[in-house]
Structures are given as structure tokens and as C-alpha cells.
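This is the structure I have questions about; it appears just below.
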């Protein structure tokens, strides 16, 4: 399961956002709250909701979990109106920068506009500098503010034209939702890197990052918003436009592996079923002579079930997770810091002792967590430890909205599989192949010339220009923006 | 898994406490923090630690999770010393009564004493009134303070004698840890209703509710403290006494079913293995003609694995849990309140649709949660729903430290199994038998005259007098004490 | 004394801001903190400081008193650099709008600029709308942000030209301070409605609203910044420019009566001495046959001393003030609310009983406070109560940075002096004349054609256009801006 | 005025408490809140109120000013009932020890009792140890808890007897108020060191430390409770008892000089009038050849008015006070710390420059504040500075409820008047004589054998035994108790 990464560990990847929008329901803000709650796995640091009540835009932005902040009666009562958008966010900076919490809002001469997006604009910094030269004053370091200023300064006459004019200048990945005083807007970048679905609740339109956000409010799944599609929803219904040139879908395959919730369905594929099938493929590609299959909880569970099924081995909870880690657990002393990962996990010695164990995890990033997990399993008496990974080696950083370490810190960039096996001290280590992963996701195989998915983190093939990060320097943008002095 | 009940739902049972003590380690308070963290499933409301630094006793008590409170550097730095005890607590009152947070401390004429316990004294109210007549002034409504006043007013000369003199007057369940300026003390009531184990870390002595608290700090499990045993630890080593008459062990069998962590080992039995074995027994006693086995997460998982194994059916995560519920999720509006349990769970429609599903849960208390879960699974398209419960019907409240509803609210007290099946709307409902449960826990069968475990919640046979609650009125004690006017 | 209005009472006037700037001192932020502390009487709701450390701008904005917020070590340590500006603010909205807390900052294409001002721009709304049409996105409702956008969009080449270009478009009152990465800037509107002085501390330049902010840090008073003067300070020294046409000084005469601190010196006049002299003039213009003179504390004290001296009557503290009112005293019940003003004041019955009392206060706004004070003095047994007011009747609202009620709520707008005397139930009521006030402030008399001061609140003669409030509708601007949806 | 010491400076004396009680009014808690607000000058750290609503005792204790804490609607709504007592406290420890905040409450076998006192028991430590030997468990270090345990353990049959039995064992100063489920109780120690008055509000009985607490609620002053008197108020009326032997009144004369509010009347004397009269006497005893009289605000004002009147010199506010010091002003850096007292005061240079100034202050404790004030006045250009003090030299610490430094730190203990003048750098220094002070307080002169007041701080003649501090070691008690480990 992808849920549950309550701590910011060094060694996990983090999705940066989930978005939600609703048009035409009296409980718009409350339903947005629930939708964001079900998207909490896409960002736990802060959230925001903007509603429009027919006269005014209303905004609330809070740090912390939706269930702790937006469920307060006074918060919801301030968010009146039948139309709302919301955003949940994983902060890349770690700072408490409330000014970066979406949705963003601007009052243009022609009326207000609020917008939130999931993804990352790879030429935002370049555009930002151009806008500053024209007199724009930025109040955040967020990509999203760039979109607002482009609209504000567009020479087009009508809002939709200004919006399209602006979005066409963007490179990168963006699934965005927005509201004006008349409309709900949704748009997915031409490659459709991030997900966005359309739903229906008793006639109200809904846009959401994943189908689990439809389920929680009992809404009906209608269809995925298409790559490059712009939908504009108002009292007359829904209008679909395809204003961008597109070279075909490149959905992020890692959403299947880790980010999306297992109960979500994307492009017709059950995320849980893909994950389990990865385990089946993995058992075939990388079998192990062992006594039992143990998932690294919680994200390794579906693949482990599939592996156990494929390999004909028992599935056991050989690692027990402590769900009460809290949000700020600081390891209390230096000597205790060495105890490592046990704050969150404990080996289930009674099941492991003397056994040959297959450990199944979703991915290896830096390798430090794997190292600790393996050590813990060995300390509990495992006779052998065979690690199987439900994704190919992660060799390149993501520039499309996922918080990955720099290339040099990725274990698979630095080492061969054999070296990695030695580093994390396992008896054998196996990754699923790229083709195996594509098969689990329903393809016959990977199309090397024009892959069906974005798999840049595994292949290094980026589907867009990386304007702000030319030379591969991922840190440049962050460094340039980090020092912008702002209001909290 | 028993972890994870982050919300106070109506329909779960709650353990009230976990205890931890350590003697002879320079990081005493930090290790106590970790020990309590691993016992967090036994109480999430508040925690306290008292240390002794050779000169003074130091105390900290905080509301909230250990990982959010006791890991602050300044908190730990105030808890100096090589000896400490700690307590984690589930509040029965719901009020913010910090004065009830353990450990309790008293400065007697002969020196200070801090004490914490897990359990419930069933004649505490009677003793309290006697002590008040002698001039004792109470500052809390806690059982634990009764123990302190008994010691203070004992006519015995030495501390150990005063302590034994006091403990002999107690009825009920108590596993306690205490420190004086010289000693670490541990004691388990004569029936050993609640767990307490002894561990060793490089020569330091440790007492803890469960072995998972030894694992987290890398301590070695030595043995269980025996029912009715008093251990006194000081620089000369450990001294064991058996000051009570005892009629044999009556350990709480529900610790195996739900309370204890699955990675703990109690009296030589792996909790995980017992739970899985309950599933195996249940598949034998109450088979179902179905397509797949789905656990109600997280506590139903081990029994579901056992059931699937026993029944030869696939095990699938047909219900997905949202781990980000937060601590205070308030359902935002009336209309939304009817959506019910989906805040925490969602059905995995892709796996369930059209299938005959066996749902495995640990217990049914009021039945309201089961009702919602079943409805959710039906809404996701299950063809049939067969519920299997890993414990016998819960018919009587607990008076030994578990927060159960009054008898009248227990579904199994009000209804037959058929009526319950109809109430929660399942195609079939099956509970494990008492004998089946005892078999899973390693006994040949239940000894009806003198059961090997306390199973009062399933059998109504209470192993001690219930002095304060004669007439079965569980509320009396609470009502009498609740209004004690006190300082927060 | 003007200090001490710790409560937001209905019946006081509130200055909206104090500003401070310093260039060339290693303790820049700490000295700014002290300067703002001494200007706290000009605004108690929130404060902000921006420093520049040679590389970056640093900002802190906090609600509450300087002494409670900016003196935290971590706050000051973040404000590194040898150059800083600060602002203390009285919130007109009462809302918790941190985004309106100054200084404001913008990063222009050519570098950053932070600015804070005291006063009110009377055509800010008109300019704001023009800027929005050009694509500016506003993040606050503050006048100050208008200045930033004008600079950002100016077509001039150099910063100073862009600044002057922008300031020339402003109507109203503004005493502003700003910093760039090279300079400290100070400017006073052409009429010099609000004060601004220049000081020196061991070679460091200081700008401040009042001289008391120089005193607190031991700085030397150099001179007042002149009406319409722009000073630009950098490493080469101070440069003075007069970029505006000006029709002569119109300093706010109410600063002498009430706002400024009595220990400040403005345009060469001691505020305390002016206030005392008002009392002397008042005793001459409006004598009273009485036994003793009692100030309404604390703002009436200097005039009361002057009155007592002028009238040859004893000065006595016949009303005692409770300094511990706190910031949020809510009168606890309806029945108690009727007790009124006694939370803050009590009559000193022993001195008042049976006596003919002259009460001296600074002004009457709505009259409700005067009513309560008089009643309290009568209840304490005063034989007669003669009220003397150290300013002329307040008949018109202020549009230059003072929070006055709408015209209709001003007692002197609604009633003659006789009616007012009857309303507040005094035996006699006397105000100083406009000429008397001008004499106390050092003038021979008021020049009716071109008054030497801004006395619009007493005369209705406004020295500038009131573009945003044409038709005298003071509320228009507030209403239009209040609903701007924004981030806190 | 004695109000206004919002900061805990080294160099002021602090009263430790004010008490209030009311019997027979539906707004009992709200009126207690107002009463405590008017007694805030007697303690600003924390406050508590206990009410009895006919069935239960209700308690609230909060840190901070009454106006910020007890005026919250929910706080008052919890304090239902027609009978209440309250206490406001200056913390001697500086720690955040909520367990020491009064009133204290105990549930005896016969019913509850809440009590609060102003003063200090000089044999509390001795009694505490005796009680601990009998089995009492203490939860605070407060004297007040000693009283509760004495009552709990008394062998007498009825509550009044148990109370009297207990109070007779006390040495020291105490003005206490208490409530049982039937009665309101007031008692003053045999010497009447601390004040306590009886009032009436429409038939409701009131007890309060000072008459200003009657004024604020419009209650009528009835009489002072007599030294050694116990009053018991219930539905049948008021009963007065004199259960102690007494050797005559020894009221604290420093209450007149500094502690009490100037608008209070004690034993028939207006505090303001006594203070002013001290100034008149001082001008006679210690005249000065000067140009003007300047009070050290605010406590020196009444004596300065008297001095000016007596000496025929003008009274001027030559020092201006900043009322916005906040509660936690930390001087930001070392270099700035040297600026000293100016955070709170500034010299009014325009009035002082070139003048011969008489400064009037209430007392000199360590002398550090005087030193800074004098320096500030000199820096502002005063030609001569003559300091006149409205009390005799303070040579001995107080053991009766006032927080004084140890003897060695008292300037007047260490130096002659000439040395003190040199230390604080004045041209002349004069204190009122003990006889002068007694004259101002209405006596012909001081009776050396049996002084009419407690003036131990000026004379060293303590009116009671100092059991806990034998050997003059004031710190002993604090040291012994400080380490009691407790709950916050």
C-alpha cells in the first residue's frame, strides 16, 4: 500500500500533490475535504481549499492532515458555496512556507481565479524571470504562481484564451484544477504524466487525482481526463478542448508501483491488481529458493501476495509496523539513533527465525532503509534473506513532481545489482525488468522508441525538455528560489 | 495487527495502559521513551516518565503520542538518571485530566516513590473511602493513588513491608512498576491477568508489558514475571518474592486476540502465531464456500492469513485502509456523516466485484462497525459476504483494565448469532468457539472449572470479586469519582 | 500620556503605524526592535522587520507586542545584517490578516525592495485598479503594496527614478522607510502630515516616526525629514531630494494632542510642553470654579497639570487606573457589562467625595467613555463635575492614517456643546478653541486660508483630494477591499 | 500608584497574593473574576477560582492575567454556583508550577473544602514534615496545602473545630478565605499583617484583600476583618469568632507605601492620602533646593504630588513610562542589555534639561534601578538630582508574604545613606523617618516597644517566630521544598 509514510524518511520517494475540484453541490467544501482526505497519501504537509459562493472567493490553507484541520466546523463554515477546489501538498522544502500552499488565487481585472496543480513545470524559472522583467511581483516560489501571472499579463481578450495562451508556454507535467466566478476548469499536460479523473455525484461534476477520491464520497467514475485535454465546466455543462499538440500519453508508471492508492483505478487498470501482478512477474523472472515471503510494510504487501502466489510460498507478516510513529519522532540520543528503523518496524522473530526469507519491497532509493530492514531480519534469525524489488533499478531523478534525491545519491546509479546486493547484505537481490513492469501494467512490452509510460526514473529517458535544469543540475532551481524572502 | 486504532471509535475495545521500567542504564529515560513507543498500542492518550538521578526524582507527563512529546530534547534532558519508569495511557474519561496521568509520585517521610500500573483495582473505591476517613487527601481519581496512600499510612516499618501490606489489600488486575531512591520494583497480581516481562540490556534490568518493548531497544527477553510475583531490583541484583496466595494463572486471553502486538511473545506463545492459528481453527469450525478471504484491516490480518491457508482460498487486500485519519477527524456535516466508515477504509472494488467474500475480523462489540464494513463491501459489488470472527461472542464487560461498553450495548449480549448475522447483513456469520480459541492458544481445551485464562468477556466468569461494582453496575465507580473536583 | 490604550475601546482614536529604519549598524535588527518598542503606542496589533544582510533580505512579522515577539533570540538571530526597517501597526480590520502586516517586500527584476509606511494613501484604490488592468496581482489590501506594484511597472530605468515616478502619483499622507540591497530610503509626503525624524548613532543613520525612538537607543536627533523630502542613504552618505511640488507643511496637530509620546519633540516642540500649555490655555479660555483638577488617565495628565497650574487649583489623581487590563478583557456577563468602565478605572473616592472636580481629557469622540467616567466620578460623591477638553470638538473623520469612526458617530458632529454637556451629564463642558490649540503649538493663531497644521478632524478642511472616498463615503474603500480573498 | 509592575525586575518588591470570596450571588464567579482583576497588582502570574454550585465544587486555575484568562465565556460557565473564592498569585519560584496555584481543594471524608490565602506561614515546613510522618502525601510546595492536611488529620469532630485546631498551630501572616459545601469562611492571623475587608452587595457577603475589589463590583464596604478574627458565613448570616490569643494589630506598613492600590482604604485610611502625606512629611524632613519635582512612575506619583505641594515646587512628568512593555521583554543582545531601564522609562528631556530635579520614589531595594533612573535623568541634562524616598531604608527581608531579596542584597543593609547616595550618584538622598512614616499613617509616632505596624523590613523587629528560617537563612525553606517532584 502506498499509504502510511507518516515520517519524512530519507529513503522514500514522495508525491508532491493531489488535487480535487467540484462544481454544483451545496456541500462543495465538505466534499472537497473528504476528497483531499482520500488523497492524503499524495501529500501530508499542508492543504488548501478555495470555494466560490456566488459573490466571493473563500480560502483556507492549513498545515497538517486534512482530518486535523479542515474538519473543524468553523473552517468549513467559512468555505461556503457550491463550487470548490482543493490541494494537498508534500513540501519539498521542509520549511513552513504557508505562502507556497495551494490553491493560489489572483484577482484579475476581469475577476478572480483560483488554481491548484499536481506536477512540476520544468521551465517555470525561465518564465518567472521574464515575468519579473515585465513588472510581476511574486509572492511565492511556487510554479503555480507563474501560471497566474501569465494569465494576468496575457494580451488575449477572454479568460479561456488567456488561460490557453499561458498553458501553451509551459513545459513539464501538470494536472490542474481551477475555479473562476463562473467555471470549474481541469487540464492535464499533453503527455498526461500525472493522473486526473472526472466523476459525477448526483449531477455535480468532480475532478480528482485518483478514483479513491470519488469512492469516498460515493461519486461515480466517468472517465479519465485525457492527456492534453482542457475541460471547462459551468451551468451549461462540460466542454472539452484539446488545445495542445501532443505526441501521445506518457503516464508515470511509478504511480502504479508506489504513489497511487491500491484501491484506485487508472486508465482502466486496478492499481492493486497491477502491483500484485508485478509480484507474479517477479516470481517468474527472479525466483528464490526460500521458505516464506515477507512484505516490507505497507507498500510491499500487494507485490508480496503476488510473489507468494506465483512462487507457491506462504505469505507471512514477518515485519510488524508501528502505526503510532507520530509526525515528529526525533531519535532521542546519539547512542539510540543507531538503533535505526525499529521505531517504525519490528521483525516478527517467531516467524522468521531459522527461515529462508524473501523480502518484497517496492523500490530501492538510497538503500539505507533496505540495509536496516535486512539487518533487522537477520538479527531476528533469518537463515537467508532474498530481496525482490517491484520496480526496476531507480537510476535517474524525477522532474515531474516527485521528490527524488539527486542522481548521485541513487544507489542504482552508483552500483551494479551485485554491488547493491552486497551493500544491503542480502543473499540475492532481484529487480523486475522494465518489460516485466510494462507487462504487469497491461502492455505486451515496452516500446523503446516511444515508451507508453514515463519511466525516466528507471530509463533516464525524459519525455520533455528540462529547461530550468539544463546540465542535469536539479538543485539549481531550488537554490535560486529558496532565498526569495517572503511572508509566512 | 492490533496497532492502528488512531481514532476513538465507538466500536473498538481499548487497552488502558502499558508500563516500562529500567534500572542501571545511563540512557534510562531515552530507553523508556522507546519502550513506551513500542507499547503505544496499549494507550495513545497520554504518557508519563519518572526518573531518579541519584538525588532527585524527575517527572514529565504529556498528552499525545510518545513520538510527538517525549522525543523533544529538552524533555529527555530533564529526565536524568539511570533508573526510570514510564506509562502510556488510554483515557477512559475522554477529559483532559492530566492529574490522572501516571506514573504517580509521593514523597513519604522515608523517601520518594513513583508507581505506574496496567490493570484495574476492583475494590479501589472502597479502600479510597477508608483512607479518606483516616485523613488522606486525594488528588486524582486514579486507582494508582490509592496504592500510594496505603503505603503512606501503613504501620509497617520498612518500605517493602509497607508495599506488600498495601498490595495484599487489592483486588483485581495489576501489573505495576515502581521506583524508589534505591530500587526498581515490579509486581503482577496473583492471577497475572495483565502481562509483564523481564529483560536485560547489557546488565541493565528491564520490566515491560510486552516483549516488543525489549525488541525495540535490542534487549534480551529473560522471562515473564510470574503471577503474584514481586521483584525488587537494586545494585545487589534481583530479588523475587511471592507474597500473595494465588489460585493459578488467569491471563487475559483477549490479549492474544487483539490487544498485544503480533510480534510479542507471551508465556512462550507468539501472538502472531496464535492469531494465525485462530484463523486455521476458524476455517475448520466455520468453513465458507467463497472465492477469497479479506481481512478487516489491520487487526484481522493474521487470522485472515490463517483462514485462507486453512481454507485453501486466496488472501486478498479487499479493503484498503487510509492511514492518515489524524487524531481528530470530525465528519464535517450531517449529510456527510452518513457516509460512515469510509474515512478510514475503502473497498477495493476491482478485487471484490462479483466475488463471494469471507471477511475476517477480530471481534464484534456493538456491531456498528461491522455493519458499515459489510455495507461497504456489498456496495463494491460482492456477490456474498461471509463474516468470520476470531473470538467468541463478547457478552460481558471487562473490569480488569479494558474499556468495554456496558453489557446492554454488547451486540452478542442482546442477540443470537442468527440475529447478529441479520443485523450486520451477512450471508453467514461464524465465531470461533471458546475451546477453539483455547486450542489456538496452546491448550487441549478449556478447563470449565478453573479456566486457564481470564475469558470473562466471553464467558461471564470473573476470576475476582468486583467489590466496587457489586450488582454489576459498571458505571458506579466512574460516576462516583468523576465529579471529584480537581486540578488539571 | 498617549501610551496605554491596551484595549480597543469604542471610544478612542488609534494611530495606525510607526516606522523605523537604520543603516550601518551591526545590531540593526535589535535596534529596530527597540525603536519599534518605543513606538508601540502608534500600533499594538502586529509588527514586522525586514533586514538585509549583504546577500539576502530577511523578514519577520508577528502579531502582538514587540516585547513579546521580537525579543525572542531566534527571531532576532534570523534578522541578520547591518540595515533594517520596521513597522508597528494598529489593525483597522480587527481580522488576523498577517498578509497586511508591513514591511512589504518585492523582488523586482533589478533586486529586492522592502517598504513600510505610516499614513494613508487617499487614491490607492484608484491606482490599484489601474495596476490590475495592467496585469498586477495583489496579495493584500494594503496601500503599501500599491507602491510596490507602481515601482515594478514603472518604465523608468533606475530604481530612484522608478520610486519618484511612483510616489508622485500618490495622494494623501505617507511617511515611509525602505531598504534595497544598497540603500536606506526615507520619504515624507509633500504636506508632511505624519512625522519622520533623522538620527545618528555612532555614524549609523536612523529614520523614525518620533524622537523617543532615538532616545531609547541613545541615538542623537539630527533633524526632522522635511515635508516632501526624499532621503537616500548608502555607504557614500545621505542624499536629500525634494521631488514633489509642495504647498507648505500641514503636520497633523492631533499628534500633539494625543498620538505622539509626550517625551517626543516634533519640529522643535516638546509634545509634553505643548500638552501642558494646552491646559494652561484651557484654564484661561474655559475656567471653572472648583476644588481640584483630576486628569482622565493617562492621556489627560499633562493638560491637567497645565490646567491646575493655570487655574491655581490642586492637581490630584482622582481616578486610578488599573494597568493590568490585559489584551482581551471580555466583560463576563450581561449584568456585569453594565458596570462599564471600572475594569480600567476606579474613582479615588477619598479625594473626590464632596468636592467640585475639574476633569481634564484629551478629546471626546463618541462620548460614551466620557459618560461613564463622569458617572463614576459622580458615584464617588463629587459635588460638581466640570469637563475640560484639550482639543476642539472632533467633527470630521481622518483620512490620513487615523482610525476614526464615521462622521455620524462623532458626538460633536451630532450635538452642540450644550447638548454634549447634557449627554455626558456634566455641570459644565469646555473645549479649547482652534486658535488656543495653535497658540499652545507655538503659533500666534490659525491661518484660516492656509492653516499651518492639518486640523481636518476639527475643521473639516482636508489638505488633499480624497479620491477614493469622493462623496465623503469613508466606508467605500474598506468595503471594496475587505472581501479580497487572501492568504493569511 | 502601585499598579503597573508588569515586568519582574530585580529591583522591586512583590506582593504574593490577593484573595476574594463571595457568598449568595448568582454571578459569584463573574464577580470574583472582577474582584481578582482589581487585585491584580497583588499578583500577576496566575489565578484560580473555586465555586460551589450546590452539588459540586468547580475549579479553574490559569496562568496569566485575569482579563486574559477568566473572562473567556467557557471558563466562567464552568464555574457555576452562588458561592466562590478566588486567588491571584505572584510566583516566587518563576517556574510554571500550576500545582501551586491556589485555591487549594481537598475532599475530606465529611465533604469538600477549598481555601486560598495571602501571607506566609513561618512554620509551614516544620508542620509539613510532621504531617508526612503521619502519612500525608503532599502535591505542592505551598503553605496552603499544609492547612488542608492539618484539617484532614485533625481529631476534632466538627469542621469548624478542625479548622480552628489547625489554624492555631500556624505562625506567620495569613489572610485566608475558604468555602465548604455550606459556608464561606474568612480569617486573619492574630496580628492582622495582611489586609482583609468585609463587604456587601445586595445582601451577598464579600471578603476581599482590599476595598478596590468592592468598588469594582459596586459593593458596599462594611468593615475590616479584625486581626485574629474568624468569620463564618452561611444562610443564617455571619458569625464572628476570636479563637486566637492576640497581642494587638501589626498591619504591614509597606502596604501603605507600595503594595495596596491608592484608591483602597485600609483601617479607615485612604492609601492615596497616606502616600501623599508621606510626600508632605518628606518635604519637611528632607527638603531640597530644586526647580521641580519628578515622580518615578508610577508608584512615586502620590508622594511626589505631596512633596511638590509641601515644598511649593512644580510637579512635572519628567520621566515617561512605556506601558507596552509586554510580559516577556528580553533584552535582545548583550550590547543592548547595557541600555538598561529605558525599555520601560524615558527621560522627558525638554522638561529636565538644565534643571535641578527632585526625584521621588517609593523605596530602594537593591539600588540598581535607582542607579539607572538617575543616570537617565542626568543624561537628559539635569543640573542636579536629589532623590527622596517615601519609606525608611529597607534593611531586612520580609517573611510574611512579600518577595524580598536576601538581606545581603539590600542596599540599605550594606551601606550608609551617604554611601547609597554615592552609589546611585545623586547630589542628595533623603529617606522619610520611621516616625515620619507613622505620622503619615495617622499615628503620633512609632511605639518602639510594641509598634503599631509590622515594619520589620525597616526595623528588623519581626512580630512572630521564624521557625523555618531560624538562623536568618531565608533560603532554607525554598531550597528544601524546591526539589519536591511534582506534576505541573
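Labels A, B, C and D are assigned to the chains in the order they are written; within every chain, residues are numbered from 1.
Keep in mind that, in the parts below, a contact is a pair of C-beta atoms (placed from the backbone, for glycine too) under 8 Å apart; a residue touches a chain by one contact, two chains touch by 3 or more.
Because the structure is a prediction, the values reported are computed rather than measured.
Asker: Among the other chains, which touch chain A and chain B together?
Answerer: In this structure, no chain contacts chain B and also chain A.
Asker: Looking at the contacts, which chains touch chain A and chain C alike?
Answerer: none
Asker: Report the chain whose mean Cα position is at the greatest distance from that of chain D.
Answerer: In terms of C-alpha centroids, the chain at the greatest distance from chain D is A.
Asker: Which option, C-D, B-D or A-C, should count as the same interface as A-B once over half of the contact pairs match?
Answerer: Repeat of the A-B interface: C-D.
Asker: Distance between chain C and chain D based on Cα centroids, please, to the nearest Å.
Answerer: 37
Asker: From the C-alpha centre of chain A to that of chain D, how far is it in Å?
Answerer: Centres of chain A and chain D (C-alpha means) sit 63 Å apart.
Asker: Would you mind pulling out the distance in Å between where the CA atoms of chain B average out and where those of chain D do?
Answerer: Centre-to-centre distance between chain B and chain D: 51 Å.
Asker: Which positions in chain C are in touch with at least two other chains?
Answerer: none
Asker: Using the contact rule from the top, write out all pairs of chains that touch.
Answerer: A-B, A-C, B-D, C-D
Asker: Once bound in the complex, which stretches of chain A touch chain C?
Answerer: 50, 55-59, 61, 98-99, 101, 105-109, 112, 129, 132-139, 148-149, 152-153, 483-488
Asker: What part of chain B is in contact with chain A in the complex they form?
Answerer: So the residues of chain B in touch with chain A come to 1, 3-4, 6, 27, 30-31, 33-34, 37-38, 40-41, 44, 64-68, 70-73, 76, 212, 215-218, 261-263, 265, 270, 272-273, 298, 301-302, 305, 309, 314-317, 320-333, 335-336, 339, 342-343, 346-351.
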